[in-house]
């Protein structure tokens, strides 16, 4: 494992201030809980939150981030468009992006997908079972046949996303729905992974299997080391019109 | 709609001879039931069965079939390898193939997929709900958000197939599993669609939504009219070594 | 064939006003040239251009368009964001979109792809040969092994697009580059096809094979007839907590 | 990097015995040349050849191989079907497989693809340029915009393979063809990568960029550590019929 992988966990960090249940489960915020297990996995994990200047995503911070993790819900609209554009450009330039749960509706995810990213939802303390449908994918390493979460928010199809390049998990919900809950994409020189679980009123990010998926995803999403593609006007590599035709 | 589409429905036709429940639901065999609604949809639908000479799949029959539908279960091993090879070649040459239910374990499907095509299964009269996950796909035309079947056999993941080129349906099962139940592939110049439902002891092929999917799939799978690709040793299209380099 | 398919050909229509060569090749504009062969193929083809009110894309026009074809180059920035948003929503709701040549840099294509859509380019009157790599795709119907264009602008990789759902053509260029020149996507309930050829100073849209691809693509991209997916808060389909567990 | 990755390089090793040019370029055989640079990259690389007992692929050897590399051409038919079946099963159980050049026609590749794997070809000492079309893929790490090979055998489309899960390289050939030359697949719990270059009469496997691709591919193809999926008859995870409906 690359023990120098630099991960920034971004969180809007609002529920934790106002919802006692969320505060009880994540007293330091979801971002700190996630950063903790990434650190334990040997990564160089920091955090950034909405209310910091530039949402904590300065040019320096973005430039030194290999993989960005994104959790947002209540305040998607408060994220400045300029910051969203910078994050999008960094993804196209190679930074990995892991979008969690309600982040499906974030500006950055919608911008990278090109679709509404809308879905069905329900809060009913119901059981979710995430089945592995891509057993050869590194994001499924160490994960059993499925991950069972006794209580979660339901997300249901149709989830308005482009067909994933790789579909890794599909969820079964007690109330009768299914959901494509682990979806991998590439965008430019970067990789994007959407992972469904993590409603703020359940201890989902304390679940070891969920943690393992996020650790795996961070490794998978790390930038590939190569020069960025050259684009624009170019000279020919071969002589045009040379052949007698 | 192409009202000259020539479809052959192949059935091993064994359960209908020995299982009273299957015989009651499909007195003329599953193949006749399917051919009937294809005919009603304006197609030129015929049938072929295991116990006919060459399993009913003579060279002439295959050559005049645009789309072949396959139902088998008990007697996969009795299908001659030579016939399987001919069917495979016809698919590569453009014939559509629709594999139904227990046909996942047929020689022809395994040959075209390259994997074991194994899965979990259970017969427990349980509810299946097939969710549409590809709303823009022609195979989903006229289908609502989902198709609900009150009782079916369960098939569960991991289904050992290559990742589908297009995943159109995913099933929810009452017992806790999910399944990629509508999977589209291309092989050579042909198209292949796997569709999960259709256990012989349930009236699944009498369900109008299931019928609609199969009609849609037959249209989708029809051959594209163009010359077959040229392969083998070829002369250059451009002069090699002509440029001063 | 659906002879009621309603296609709108949108063109920025600027080169044809200012560049004598473009005007000579397309005296009525690229849009009229394309609409003509779509009409000959039995479609109900209209046009819309940048300088019309609302760029010719009123709500009524969009609502009655099954497939929109887009050609733009010089004036991408002049297309109003509000119109782009409406077109994007119509695609998500099922309208097909065919983006031609320099339309790769249009606001609508970039919005639907989520990437920069940048590429290499060169104007050197060089030969392009578009090879069919998906022989079973309906967009390749009636097309030979390749389409050869004696002179075209070069577009080269890396083309910054999401990996196509289906890659149908790949171009060879005399100057040494290759390009993914026929790329199919789905977005929401709609389909998108990008097709590379068509620089304004070459008679590319008078080429019968190029015309055939565009006709095929319009048929392929037509909306699938079904209700739009339901999204938002929903009630459970099964009783939650009913089982003794 | 995993310096315990166990790679077996399989070679039919016939050209090197009979063709002076092949022998001059690869005096110890292509397998030894490849194993050498894998060893230099820190891998535990061994070899196996056609004329060894069981073609060098005993059960023990296969069980202790993480990634198998395959080069064959003249003697595909001499490879025993039983060994092919064992290799296929090992891939489905997680072993990576890298198929090189004329291995496109090997029994193992055809069995895993389900297609003819046929193509166009020409031996004319012509230039090949492999363009990277997937800049975010780990197999492209450290590779520039393209790899240029001054002389190679030509392979041309249509290459009869399933659409790759990930297309990483596409080749330009001097004689006018293109080719999907770096194709990634998953099969069962295993990964498969096809890489085009490497005709026996050119020093292709001495090219550092080609070596880098093969090293990258071996890392990418390594097995994911998790239990194999359970299949067959299973008990329900939820009580069936429990809900009042």
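Which chain is which? They are A, B, C and D, in the order written, and residues in each are numbered from 1.
Rule of thumb we're sticking to: contacts are C-beta pairs under 8 Å (C-beta built on N, C-alpha and C of every residue); 3 or more make two chains touch, one makes a residue touch a chain.
Quantities reported herein were computed from a predicted structural model and do not represent experimental measurements.
> Going by the stated contact rule, which chains contact chain B and chain C alike?
Per touch definition, common to chain B and chain C: A, D.
> Looking only at C-beta pairs in contact, point me to the busier pair out of C-D and B-D.
B-D
> Name the chain whose C-alpha centroid is most distant from the C-alpha centroid of chain D.
Taking each chain's C-alpha mean as its centre, the farthest from chain D is C.
> Quick one: chain A and chain D, Cα centre-to-centre, how many Å?
Chain A and chain D have C-alpha centres separated by 31 Å.
> Can you check how far apart chain B and chain D are, centre to centre, with Cα atoms defining each centre and the answer in Å?
30
> Report the inter-centroid distance (CA atoms only) between chain C and chain D in whole Å.
36
> Of all residues in chain B, which are in touch with two or more distinct other chains?
129, 132, 134-135, 145, 156-158, 163, 165-166, 174, 176-177, 186-188, 229-230, 237-238
> Considering the complex alone, what residue numbers of chain B touch chain D?
Against chain D, chain B makes touches at 88, 92, 111-116, 118-122, 124-126, 154, 156-158, 160, 162-163, 165, 174-177, 185-188, 229-238, 240-241.
> State the interface residues of chain A toward chain B in the complex, per the touch definition above.
129, 131-135, 145, 156-159, 163, 166-167, 170-173, 176-178, 180, 238-239, 242-245
> Sort out for me which residues of chain A touch chain D in the complex.
94, 129, 132, 134-138, 140-145, 165-166, 174, 186-191, 224-230, 237-238
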